[in-house]
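Shown below is the structure under consideration.
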């Protein structure tokens, strides 16, 4: 009880901090310097219609690289953690589970390609419309998830997933490095022509990068899910 | 609008903290943290919101020339995007720990993991 | 911003907070809590839409409420059977 | 140079690349990992070289081809380069160290390690706030992964606690970042810094949240329970990285944030830092698990650097030098210690005794401890010197005090640990020495010495590693494989040669000290020939002490003086520690000595007022009222070394438990360092007043009380060496008294004591040591009747005690004569009376010494004893000769000094005409006295010999004992509690009040630490509460400020 | 003051006079003591007989070289003490060897004999000797302290350490004696005097009744003779110092004899009147009664 009281008291303190932040907050009427720059320059510099995408992939590309790395790390660590567990439990995981229903199986067979397609669409069009690599990747992963749900015993090639993941990551970095060589700096997207605003093949390397991000994110999420699903409850 | 979202965000953070600090079940603590993370994301986006403007996507409705006057600040959104992904990464990691902790000790109670102290 | 919008967003906010409380309230069972947390995410993504952030909304919906929830359930499935709380 | 972004790109790319390899290709994966880390290190190193020596300028690296603040940019300057080099090297070494684990865990673990290193470099390089956040999260997650490398099951729980804490941190950080962004419209750190006024107005909450979140990453005390758990349970290689690399990176992040926060946030950083420094060190006192101790120490050290960051407003150009010095020393030593801990099986501090069989590992351990504590010649020493000086110049006295206090506690537990390692009973566990792990440890050692060299070169005071005496001492490390007699010969030649080299430049005062130290030292070393074997560790320590002493007397400026002081302190500590049971005593010695040294440091710092090249002569120009404080600090510091009463408790044990030939060194020679300091001080500063109290008057009292109580305690000792040790306290009291009299004769007497005390105390310690060696005990009542068996030792002791007691005709009398003449001129009567009381008491213990050892009944078990070894006797005989010569012609040395002293005190000098020495009060003719007494003595003796020429020599127990022959002769040796009546009458004066005081103080600290550390209850949730509490408290304090 | 060869015979003359005087004096005092106790007492020449007898006796056993040092140190101490102090004020003939050192030499020389004695006695291996030494040294250090303080008070008073100068300063009438100019110092010194004379109540060190005569237990025959010699020289030598420092010195031998006798009688009177102290009692006594006076003397000078 005392603990709750202490926590409440502390939260009151934190709340007070938040409260004064809230009260001190006045929405901007104008875009600030940085945002204005993006609004005005994205189109000609980057050629991406979706400014958020431009920021994510190019201006703050290093963040995104980090972000992808976070997922990569998590997937690796989850793999590491579960790999340790799996060695002991490999025997028991072979036991039979009841098959899922006919409807579910057929449905998933039907849906999976569609979902995959949707995912690809989302990340390929990331520079034009809302959505992009992360969302697309998540959608890709959900296709895998669906397959896992229908057939928990289904075996996915870890190797394939990890190769996909690695190659995507390497390409991302390679493109970034190419930016140093052929353009203004790391992750500069102008190593390809920016094209015209609104076209699919525009915005320099953004679509390419975003696609690989999508693949990578998809692979990473899938790897996590697959790893988790292959473990056994104790 | 942004005030509402921001307030909601802050409240979610506080609720999340409360949940994380009072529930002894580690799974619940993680759940509470995801709530708090969602709250943070709300706050972040709300800070970038500007009344009466549109999403930072250039299209027919928002030509390049008017962009500066028409769109809202895109940066917080970009940040949130990153934050969400990072959040899910950390959550997944914590979940992996939960699995492992449970596998070794068979308990989800945080107060059972105090063999290291002082 | 119309009054309607304001009311809607207030309502949305209230629901979100309610769901959040449900998520952390220790007496609910774990699956409910997880679902409630997912709901919070989902409701938040609606708010993002209202805040003119479609990218964020999509991400939050796909990752925050979707994948995360499934991750939780996966793990929950593995740790169930031992002591609950 | 290669673009710095390739550090990041290489790390990441390799991590991704590893995924392409088959899980089974572990060797390949490992090789690639190492290559990548090596490449990253090389890039960083090339930048360091270019920036430090190549004249390159700081470079901003743009990404996305866009200028900041619109895109993320990185910066590579000197600090960044050094830190990235540190991070990458640490990671590289860690990867080598982790070889087996890596092979077991596979490519994923390697990828995580790579990303960890990359993320840390990212933290260091980036100039973008949100990017900083991303890299922080990357380190958090990779930390979570690397914790799993540990074989310790508890690591899992620790990792989870860490994740909880970092969740809280990241939430606060994000909120802070976004509101800061809102306030300034940029995420660029430099951009934000230029707009910091805007950000900081109105409560600056946004900044507060960011700041506190990053500070929380430093694991500040007390919101750091999770960090300690990780330190304790994680794989040592990872703990090393966490402490060394991650800590440094996080500190640099704070440094960047402080750019934004400006001066107004510096005090907050200072406060958090100093609280961490002291708190963590305090808690470490009560800790006996090695890795947790190191964890506490890490937190403390990082706290110290944070404190330094908080001082950047006054540090100016030397900021990087100071902060970098402390940080680098911390990083190298902590990494090294953690790596070492991986070689040790047990987790108790005492389990490290396993290292003892491996001198090289012990050397590594010593190096790391010295780095950590900041002993010369390591970077921490230079840094601390500059830091304290700047603080003193800017009147931040409180902070200065706290830093020194914390440093003292730290030195306390670290040296205690070292004592355990050297002295505690060795466990059966061996060191798990796999070559690659040991190589990594040696890598850290090399890095430590390299850093020492670099920092020395950068120092405006000159490189200590360029000083010949120190190099000579260190050179013995390389000669350790030689047998004793060769090393001893080299050492003796070295001492004498240094004396001859310096001879033309010494003034008379220096000459006396130099003679005592160098020639005297060489004489004592003669006795070391009696040791067989290699005697590992003895010569480097002894020579370090002598080097310090030799440098001390020729030091011109405060820095070299202090460096010499520390060297001799450390060297003598190692020497003292060599004694069989000397562990606790050596510890109290080093703590008191370091405490004293810190006072000296503070004194010099106050005196110099920011002048970097402060000449000792300039002490005289320090103005009131500062000068009195300077005087007091320095005087107390020096008096700690002379073991004045109150700070004397280290001496008896340290001197008594030391090895046979070490006791005379530390007693006969080392104590003189304190006297030399006092000479220097009084010569330059003269009399000082504080609140109307004459400080030399206080010293007079202290000297008198030391003399009285030292002597009094000496008479009640059963242990011969302790008796001599207490006697030293008394003798030093006399010397102190003489100095404090501030007149010609007083000083002359003090100098006389310098010489006399050296001679007779060395001699007595040697003979008593020789006897103890033969009899196997130091308890005097267990001896007795040794006169016939050890006649030469007896003669030495006899001459010694006659000299000490000041009975004519030997040289001790000269000292007394000058002394009594001197006090004729003293203004203060009361302390004079006290020192009078001390005089006769000396007879008691001296008589006891000779009586209970040599006279009376021989014990049965001693009947076959032989005289002490030749090499112990030889120097004693030389001393006997010296005493006799000095007794007859005291003028040999004293005349010059006397005339030298005229420049300070022209009045009341002595008159050296003919055979008689006259003062303004009395006269003294040493040769006449010798002749008169000799004649009478010889006449009577000759007559006795003549009349008893036919007498038969009988055994001692052939005596009348209540009309019977004693049944067991040895029981009739009346020796135990010899001065029982005295104890009954005056024993109350020897109550160990001072000892009790210091014991109570240390007990208090320990129980405080023991009690307070329960605060770390082990519950991850509670730790999160601590963290939030920390945030709220800092907030409230900051608002309240 | 310089050394001249003629000083040697002069000093021996002083020594001769003092020995004879001492022998007679101690016998006389014993006689007086006996008469007060209504006993007959020894004949006045008894000491001569004892001394000659003991010198004549030969011991057939010895405890070795060190054993000799007891008496040798003892006697050297006594003789040295006597000779380092001028006996007769104003007489070049009887200034003895005082050119060698000043008051401090004398002060320290008091200890010389005691230390040597202690050494020799210790070598005898007899526990009683050791006990006696332990007691003797303990008591002596406490007893000599007030004396040392008083001496220093006097030295400070006259601003010199030379005995001759101190005596010179006291000339010109009884009231110039230190006794009247510095009564505290003199009182303290006299208290100390009681302790150093080895008479009751401070004679437990020798403890004639309890243990066979303390330190000299194992000394007999010629050793004893030497010590007996010392026992007649040493008190006189000591009294000479007292006389010189506090009682105006002596300008001629009759004055000398008188003053020495009177000063000696002080300790006799006290000894007759008081019971014996144990050692720690006497230490306390000196510290409580004599010491403060000495301190007062120094502070007030």
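List of remarks:
For clarity, chains are labelled A, B, C, D and E in written order, and residue numbers in each chain start from 1.
The rule is short, and it goes like this: contacts are C-beta pairs under 8 Å (C-beta built on N, C-alpha and C of every residue); 3 or more make two chains touch, one makes a residue touch a chain.
Note that this is a predicted model, so its numbers are computed, not measured.
Listing every chain that touches subunit C and subunit E alike gives an empty result. Ranking all chains by how far their C-alpha centres lie from the centre of subunit C, first place goes to E.
Contact tally for A-B versus A-D: the pair with more C-beta pairs in contact is A-D. With every chain reduced to the mean of its CA atoms, the largest distance from subunit A is reached by E. Chain centres defined as mean CA positions place D nearest to the mean of all protein CA atoms. Our note on geometry: subunit A versus subunit D, Cα centroid distance of 54 Å, whole angstroms.
Subunit D and subunit E have Cα centroids separated by 53 Å. Rounded to whole angstrom units, the spacing between the C-alpha centres of subunit A and subunit E is 106. In this assembly, the C-alpha centroid of subunit A lies 19 Å from the C-alpha centroid of subunit C. Taken residue by residue, subunit A touches two or more other chains at 3, 7, 10-11, 14, 18, 21, 25, 28, 32, 34-35, 38, 50, 52, 60, 63, 66-67, 70, 73-74, 77, 81, 84, 130, 134, 224, 228, 231, 234, whereas all remaining positions touch fewer. Within subunit E, contacts with two or more other chains are made by no residue at all. Of all residues in subunit D, those that touch two or more other chains are 130, 134, 137, 141, 144-145, 148, 175, 179, 182, 187, 1025, 1028. Remark: the chains found to touch one another pair up as A-B, A-C, A-D, B-C, B-D, D-E. Per the touch definition, subunit B reaches subunit C in the complex via residues 1-2, 4-5, 7-8, 11-12, 15-16, 18-20, 22-25, 27-28, 30-32, 34-35, 37-39, 41-42, 45-46, 48-49, 51-55, 57, 72, 77, 80-81, 84-85, 87-88, 91-92, 95-96, 98-99, 102, 106-109. Subunit A makes touch with subunit D in their complex at residues 3, 6-7, 10-11, 13-14, 17-18, 20-21, 24-25, 28, 32-35, 37-38, 41, 45, 58-63, 65-67, 69-70, 72-74, 76-77, 79-81, 83-84, 159, 162-163, 165-167, 169-170, 173-174, 176-177, 179-180, 183-190. The touching residues of subunit D, counted against subunit E in their complex, run 785, 787-788, 798, 802, 805-808, 813, 816-817, 820-821, 823-824, 829-830, 832-833, 836-837, 839-841, 843-844, 847, 850-851, 855-857, 914, 916, 919, 921-925, 928-929, 932-933, 936-937, 940-941, 944-945, 947-948, 950-954, 956-961, 969, 972-975, 978-982, 984-986.
The touching residues of subunit A, when paired with subunit C in their complex, are 50, 52-53, 122, 130-132, 134-135, 138-139, 141-142, 145, 221, 224-225, 228-229, 231-234. Remark: subunit E residues 1-3, 58-64, 66, 68-69, 71-73, 75-76, 79-80, 83-84, 97, 99-105, 108-109, 111-112, 114-115, 118-119, 122-128, 130-131, 133-135, 137-142, 144-145, 148-149, 152, 155-156, 159-162, 212, 217-218, 222-223, 226, 278-281, 283-284, 287, 294-295, 298-299, 301 touch subunit D in the complex.
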